[in-house]
Amino acid sequence: MSDEAATKPKRKIRHLGILTGGGDCPGLNAVIRGAVLTAAREGVRVTGVRNAFAGLLHKSYIQLEPDTVEDLLQRGGTYLGSSNRDNPFAYPMTIDGQQRVVDVSDTIISNFREAGLDGLIAVGGDGTLAITYGLSQKGLPAICVPKTIDNDLLATDVTFGFDTAVGTATEAIDRIRTTAESHGRLMVVEVMGRNAGWIALFCGLSGGADVILLPEIPFSMEAIAAKLREDRASGKRFSIIVVAEGAHLKGGDVVVRALVNDPTEPRRLGGVGNLVGQKLEEMTGIETRVTILGHIQRGGTPSTYDRNLSTRFGVHAALNAIAGNFGHLVALKHGGIALVPLGEAAKGQRLVPLDSDFIRVGRSVGISFGDEE
Amino acid sequence: MSDEAATKPKRKIRHLGILTGGGDCPGLNAVIRGAVLTAAREGVRVTGVRNAFAGLLHKSYIQLEPDTVEDLLQRGGTYLGSSNRDNPFAYPMTIDGQQRVVDVSDTIISNFREAGLDGLIAVGGDGTLAITYGLSQKGLPAICVPKTIDNDLLATDVTFGFDTAVGTATEAIDRIRTTAESHGRLMVVEVMGRNAGWIALFCGLSGGADVILLPEIPFSMEAIAAKLREDRASGKRFSIIVVAEGAHLKGGDVVVRALVNDPTEPRRLGGVGNLVGQKLEEMTGIETRVTILGHIQRGGTPSTYDRNLSTRFGVHAALNAIAGNFGHLVALKHGGIALVPLGEAAKGQRLVPLDSDFIRVGRSVGISFGDEE
Amino acid sequence: MSDEAATKPKRKIRHLGILTGGGDCPGLNAVIRGAVLTAAREGVRVTGVRNAFAGLLHKSYIQLEPDTVEDLLQRGGTYLGSSNRDNPFAYPMTIDGQQRVVDVSDTIISNFREAGLDGLIAVGGDGTLAITYGLSQKGLPAICVPKTIDNDLLATDVTFGFDTAVGTATEAIDRIRTTAESHGRLMVVEVMGRNAGWIALFCGLSGGADVILLPEIPFSMEAIAAKLREDRASGKRFSIIVVAEGAHLKGGDVVVRALVNDPTEPRRLGGVGNLVGQKLEEMTGIETRVTILGHIQRGGTPSTYDRNLSTRFGVHAALNAIAGNFGHLVALKHGGIALVPLGEAAKGQRLVPLDSDFIRVGRSVGISFGDEE
Amino acid sequence: MSDEAATKPKRKIRHLGILTGGGDCPGLNAVIRGAVLTAAREGVRVTGVRNAFAGLLHKSYIQLEPDTVEDLLQRGGTYLGSSNRDNPFAYPMTIDGQQRVVDVSDTIISNFREAGLDGLIAVGGDGTLAITYGLSQKGLPAICVPKTIDNDLLATDVTFGFDTAVGTATEAIDRIRTTAESHGRLMVVEVMGRNAGWIALFCGLSGGADVILLPEIPFSMEAIAAKLREDRASGKRFSIIVVAEGAHLKGGDVVVRALVNDPTEPRRLGGVGNLVGQKLEEMTGIETRVTILGHIQRGGTPSTYDRNLSTRFGVHAALNAIAGNFGHLVALKHGGIALVPLGEAAKGQRLVPLDSDFIRVGRSVGISFGDEE
């Protein structure tokens, strides 16, 4: 790597910055730890930037030493803090008493230089990738680590946090199952997944769901009701439906309008889980309860898989930053680490393919995806 | 015990029935197992009655042998099924195409005798206790085991399932905490507890909440907002509020009306957690998220404490039934097992006393209960 | 409390020290947090003393502010470090190249004063209590918080850490159970408990053990073998034995000698679990495996119960120290907090009484305690 | 698939047998469930064979219906039982009072036919694969599903049970870590892995170990001691070593002989973990404790990943058996299901490659593998 290192960067890398952006995700701290420990062994200093790009604007930094990150491996969340409102190209500010949106990207780049940083590791999702690519175009040397709990980034085969989220959701379904069993109920569990149904698919399969509703497969209420009636007829005493928050009706624009015929205030009525549950209770007469798992899916100690994937991402981000390979995303491809140019990285979403083996297997064990004729 | 056994029952007890009523609760299966294993050692047969009193009406039984209950200790829910709509004194039935409510208590008693049962162990909450007392008055020899996940029964110091529910809620708060920390948010967590706030109090303390709202202590939004502002001013970056579903505003009849000024359709707006979260975000400008834990609190493997308490209840229920000590509730008093006459057992609720040491301790570590002036 | 506070302490309490001694235990950090938060609200400063009394000798301190202890509630171990070799009355030291044991109690008391401390909160077991009592006799104002994972302290009804340890052990037995079941094996699980068998009794009951061996009930190999044979004869396919590390044979001085007839090097052969397992495999021909749970029982996140008990102990220790009620142990009596004079606190062990309801209940569900004739 | 199904099997498949062999593993029950549910939907009957091939010898069967397998997804162990002493080509029997080893393969094949079975699904490791291949050569139509908790089978990229085992071991290390931290100790944790170090590598990385010892990388005590001394010198207060049970010294045949100079009875001395711990305490003077995780690694509820992989294996085994694709192993290759001829399947072990990215990443975060010069 010494050849590459000699040619690529204008100067030797001695000081890296690191920040975490977007929604939190189990494994962020393990990325930070991996990067800091690796840099320390290479004699490179690491400065943490607080609250994503907002920290570069407000010069809010923290020195990261090996003993600072010692016990971060097991901790959920992000030690550096994060933000969802920190886009330097459209930063929300109050100027002369008025709320405005300002381009602060030049300030951020000059603050970056003033801090003596030679490169930036930015850990984040779609938004963070796009911002970093923009800053990169303006001369900021940066390397990205992908993060999305929904596992829906096309540039990498897997993202950290997903395995933990699926595990948390499965554990919740295991608990809900005992209630369903005791009362002969239909339990509807709504999980995360606006555009991609990976979480619903995986926790539905592992939780023994009878019906799984994904954004990728529009459903009909009739198909679900038919499945439930059939199961009861064959002696099954209870039912579990896992529904991704982005699942929607066949033909309908959005589930809310289609289901309740009240287009004016859909937000007041709650998520698709509530609507599906309510409608099915009416259609089948089966006593129904709904649980929206919500934020517990994002938190907690990362699973072994996520700790190790995060550590790999952090280590390779640091090694590549030190080697001057900026302008890339660190990704997982076929089990190995690969570098993807930032310009390509933010393109496209990894949805559940309709011919996925997980869907085929689901149908084989009798799961309905709500699309049966 | 042989003397008592000789005088009390008219005949030797050879065959017991057991049923579980009301909402499910971790530990119900351990009660069943404890009773069946104990009876087996005493040479007494046990028949399980399915779906609470409905099973006695429909003669839906299952023989319970030691190997049937072998692996019930760890399992949540109830092997026998339960029901919330099985009151024999007001049983919902469709007669001549019309929904009616009928007194089927005599049928149930005659079915009980026809099945050759010498006594009944009924495990359940308020409702089940009242029903069993009623049947008992009409001659059914029965012994009750108390069950309420809210831990609010006056007749016993502790009920099983509570420790598990508090543990599940605490684990959820631990997860939510990492998100709160990463984003500097206010997280509101709504837990079970309509009349008594034991779950909220215990998981709030152990989850490190900043505010705990109990049904026993009416709150003011101003007090909570003041606490949050004060915490932020002193440098705290995030906040957690635990709110029992039955918590309500000072002076208001119900929280819903008071908070939203919309008395017509409060149900459509969701629980007190949503309302408190929404209002506080408006009042303080702090980014807020709400999680309603819901049914996950009822399910799952019982904790060690609950397994052991349930086993004790099951064993003592069987021993007392065999000794003919009918008409009692098996309770925990000062750590030991005690018998409470059924007539007294259903009286009163065990609320959190305002001078509870847990509340005092909470205030000492800086928790607000929303009632500060 | 103002009257007491006015009469008892010579001067107003402004500055407290806190240390943790002996083996680590889930909940120690929650005690520290409870004490620091409470003191902060009363305007009292708290200094942490590192590594128990060794820290007072070496003047190794750390300031504890509310935000230092913010995230200690969930963390196992002790933030302050501990030590087993720190008895000030017999401190191991190398003097002139020779290992000696020295009385450094005067130095410790003068260092305590030099640090400007007005009182000490010492959290620990038998050893720490005895030391603190000794220093107390020499004028050090101290209040103790009891700690023993074995739950065997006579002065308090319950100690923190015990519930967590029992939970961890139960979870391990749940795992081991599936292996036992699959292979029709006898699994022997050795748990902590040198003198008192509380852990073995509680996790044995909740893990569904067939045999539980406690230090309080000497066992015979014949009784256990008979129980195993009987179970197999009645169709049971697998067996689980939980044995406390201090369990021993009837009549034998120590289990090791009695079982293996090799008095010379018993230590090389491992614990009582291994011996019992080996012997039973020989006696019954049943395939047997042994697991020594060891240190995993001490670690990890404290349970809800332990977090709350620890917080109560920490809060009341601080309140009483501030009120000048030194020379006491903070204890739990009948569910409430009580103060026990230090002179009485270290006396006696809380063993499992032979007429304990838990033993009676165990026998009722068919558990052998190895003492049957 | 109808064409294949028409040409390959002599007759239509109407009835399948299924058995589980070798050591138990989380996910076995999910394989059974996946196969039974799939077969049911295809109108194919499934008979469970108890205790591996012993069940075919003793005609010990159980009918498996969809509702039999309903709640198997979450359960560890195997519902069908297993055996390690059931090789039909060398079956241990007592004949005329003498222990002999007999070839019962013909009996097994004729029992298989007598039971009306058209094909067999055999779930197991090396041993089971070899046996099934042997029976297959003699005409038994069979399909295999790979099982090894060590993840060391060359024919498949991943085996189920491994993720759960690594998770359990990581959780144990997390607990042990808090003790290490509190006392400044060296904690040695021995995990499974006789020939391959996958478990040690993965749980060592995710548990934040300082040293990981694998069978694939012979270690020197000096290298480890040097690492520990260096860490202490740089201020690290505690250390964790994860050692696979099959790890061994550089140059030595076996660790036991090399370490203790006592070649006669190595078994009495315990595992490599004890030896490494003992030796390091002598060499470095650091207080050391050893934990052998043992059987808890095999048990418990399977993780989400393992439930889903097992379900896929079970479903595809059934689909392929029904299609008559016998003589194959169902494997995972590059994330998809593949069929491997049985003759090739049992060849070779999947060891940790020395250029594994996990090892590189481990060294980057400062982990020693005991092989440094």
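The letters A, B, C and D name the chains in turn, as written, and every chain counts its residues from 1.
Criterion: contacts are C-beta pairs under 8 Å (C-beta built on N, C-alpha and C of every residue); 3 or more make two chains touch, one makes a residue touch a chain.
This one's a predicted model, so the numbers in the text were calculated from it and none came from an experiment.
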item	value
Chain hops separating chain C from chain A, counting only touching neighbours	2
Reference chain C; chain at largest CA-centroid distance	A
Whole-Å gap separating chain A and chain D, where each centre is the average of the chain's CA atoms	32
Between chain B and chain A, distance of the C-alpha-averaged centres to the nearest whole Å	36
Inter-centroid spacing, chain D versus chain B (mean Cα positions, whole Å)	42
Multi-partner residues of chain B (at least 2 other chains)	174
Graph class of chain-chain contacts, one of line, ring, star, complete, other	ring
Contact footprint of chain B on chain A as seen in their complex	20, 23-24, 26, 28, 51, 75-78, 81-84, 168, 171-172, 174-179, 181-184, 187, 237, 268-270, 289-292, 294-296, 298-300
Of all residues in chain A, those that touch chain D in their complex	33-34, 37-38, 41, 66-67, 70-71, 73-74, 163, 166-167, 170, 174, 202-203, 205-208, 235-236, 301, 303-305, 307-308, 311-312, 315-316, 318-319, 334, 336-337, 357-358, 361, 364-366
